[in-house]
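The same subunit A turns up in both complexes below, where it pairs with subunit B and then with subunit C.
After this line comes the complex of A and B, so read on.
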């Protein structure tokens, strides 16, 4: 298996791409799709594999600069990374690379270089920076024939082939072949502008080795950092003095609170970067007199942390009521049983019982002031939101 | 291909040509950042978006109770800057930070036009 290095995608693919298989990142124009191939290159180098990167839409030194921009040092792996230059000859510039496609507008030239590499190298990951550029230069039919051939050869020699493909207006037949027939797996990448949510997503369109997953994941591209799964809004709510602000601060890499005399009067805002996820969390005030604000603040959340003080069951009714006013029913939520270190803290089962919670709502023990359990709770909620296993 | 995000960015670019605007953003009333023109203020845009929305929401809660109307704009004046939040349709806000050099009247006028454009887009 070769991991793609894209968070969550490897999990969906059952661990990665098996040797001998091919995968295409099928991205809509205007979406940052090229980064997917690059992240796969870097990840396979990092995990000790050989990698071929076919650069056809810009000069290789710019591509190398891009890797640096994402914070990926590929120089370290010089001896295992083979760059195929299919751009410089096009503009008549000399190339410093060992492998050069002398006529990038002739598919035969590509065939020669690629097939030689496939035969020469031990099982590697071969990534095409832009299949659409090759198609534009060499023709749709010709390129498709070659891709078929490369995939077949790769299967024989146990390589993994990965293509970046941008869905420009090609013929319906070409698009159908790419989407349905040529590759073992197709990952679609697109953008959404759903009312006020702006983002990019990816999802598995097809994969012949992993079981089908219908989930799409929102992502954003960080420089440095690469592809991070993106959750625009997670709500943190709960009764007064349950420790919501402390929870937001414990979880966040950076956070801001609007508070007076230690109690939140408007909101807490925090940003979490954790295990390939990038999420913004919004904490509400807890006191009843702020209910109108809570109501307005809570729209468009993707998940909810309901923070409660484990030593204060009297407030549980208020906690339930808060789920109600934030209109959070139906959204994935977890109950964060905070202040577990205090004397008299209720056990998780007792809290579950008092709340009369359905079985599928997790209760997570935390001591937010010492950052105990907060990331575990985050992981649990993320799993609920992303619909993972 | 022109995405909505591109079009919104263009609106902010047009707005910036008025002069005196140090920072501008379009955010949802729920506090999500849609697009922004970043400058070196040290505050990250997501948090800025969330705080702006909070400001608007507090004002909205107040005016709704007092006069059953929603605020059109909120102007916060500090020693040498103005922060103007302008409602753009039911879901979005445009927010600009104006320095000493800006003409508030002119900017308010431009904001009104920009808000209309944003409203038509989303």
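After this line comes the complex of A and C, so read on.
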């Protein structure tokens, strides 16, 4: 298996791409699709593999600069990275690369270089920076014939082939072949506008080795950082003094709170970067006089942390009521049993009982002031939000 | 979808071109950043969230005392001003301007833009 390095995607694919298989990133114009192939290049280098990167839409030095922008040092892996320059000859510039496609507008030239590499190299990850550019230059039919051949060869020689493809207005036939027939797996990448969330997503359109998943994931591209799964809003709510603000700060790479006289009067806002996820966290006030603000802030959440003070069961009614005010029923939520360090803190089972919680709602123990358990709780909620497997 | 964002970008760029305007931002009513036009965009997400809270709190306050909906929230601060206007039921617009800016001009343009944004997001 070769991992794609795209968070969650490898999990959906049952671990990655098996040797000998091909995968295409099938992306709508206007979304940041080409980064997928690059992230796969960097990831396979990082995990010790050989990698071929076919650069056909810009000069290789610019591509290398892009890797740097993402914080990916590819120089370190020079001896395992083979760049195929299929651009410089096009503009009549000399190439510094060992592998050059001398006439990038002639598919035979591609064939020669690619087939040689396939035969020469030990099992590697071969990534095409832009299949669509090759198609534009060499013709749709011609390119498709070659891709069929490359995929077969790669199967024989145990390489993994990965293509970036941008869905320009090609013929129906071409698009059909790419989506349905040419590749073992198709990952679609597009954009959505759902109410006010404008985002980019990816999802598995097809894969002949992993069981089907219908989930698609929002992502954003960070520089540095690359592709991160994007969760625009996670709500942190719960009764007065439960430790919501403390929780938001414990979890966040950076966070701010509008607290006065020790209580939150507007909100907490934090940003979490953790294990390939990029999430924004909204903490509400807890006191009832701020209920209008709590209502205001809670729209569009993708999941909820309900924070309670484990020593204060008297507030559990209020806690439940807050799920109501924030319209959180139906959203994935976890109960954060905070202040577990205090004497008299109720055990998780006791809290579950007092709340009369459904079985599928997790209760996570935390000591937010010491950052204990907060990331575990994050992982539990994220798993509920992204689930799908 | 890409078209909608292009339109929002254009609208924000036009606002940003007004003298003294340092940033123009579109956010959702519930505090999510939609799009921004700003030099260095570090605290954009928090700014969007805070602005939505301020406008929401202002609206709650004035309607509760039967003064109707506020037209806008203007925050005068040491080195400039922050202006927030609602743009339909889904969105709001935020302007950061320096102290030398002409408030009158900004407000006229901002109101126009708010009406446009409302249409764009319909």
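Rule of thumb we're sticking to: the second predicted complex is superposed on the first by the 387 of 389 C-alpha atoms of A that agree within 3 Å, B and C clash if a C-alpha of one lies under 4 Å from a C-alpha of the other, contacts with A are read in each partner's own complex, and residues count from 1 in each chain.
Note that contacts are C-beta pairs under 8 Å (C-beta built on N, C-alpha and C of every residue); 3 or more make two chains touch, one makes a residue touch a chain.
Everything numeric in this text was worked out from a predicted model, so none of it was measured.
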item: When subunit B and subunit C are modelled together on subunit A, clash or fit; value: clash
item: A:280 touches, of subunit B and subunit C: first, second, both or neither?; value: both
item: First (subunit B), second (subunit C), both or neither touched by A:152; value: neither
item: Which superposed partner A:176 touches (first subunit B, second subunit C, both, neither); value: neither
item: Touched partner set for A:232, first subunit B, second subunit C, both or neither; value: both
item: First (subunit B), second (subunit C), both or neither touched by A:68; value: neither
item: Subunit C-contacting residues of subunit A that also contact subunit B; value: 29-30, 191, 193, 195-198, 232-233, 256, 258, 266-267, 269, 271, 280, 282, 292-293, 296-300
item: Subunit A-facing residues of subunit B, complex; value: 1, 3-5, 28-32, 34-35, 44, 46-47, 50-51, 53-54, 57-58, 60-61, 91-92, 122
item: For the subunit A and subunit C complex, residues of the former touching the latter; value: 29-30, 191-193, 195-198, 232-233, 256, 258, 266-267, 269, 271, 280, 282, 292-293, 296-300
item: Complex interface listing, subunit A residues touching subunit B; value: 29-30, 191, 193, 195-198, 232-233, 254, 256, 258, 266-267, 269, 271, 280, 282, 292-293, 296-300
item: Subunit C to subunit A touching residues, read off their complex; value: 1-2, 4-5, 28-32, 34-35, 45-46, 49-50, 52-54, 56-57, 60, 90-91, 121
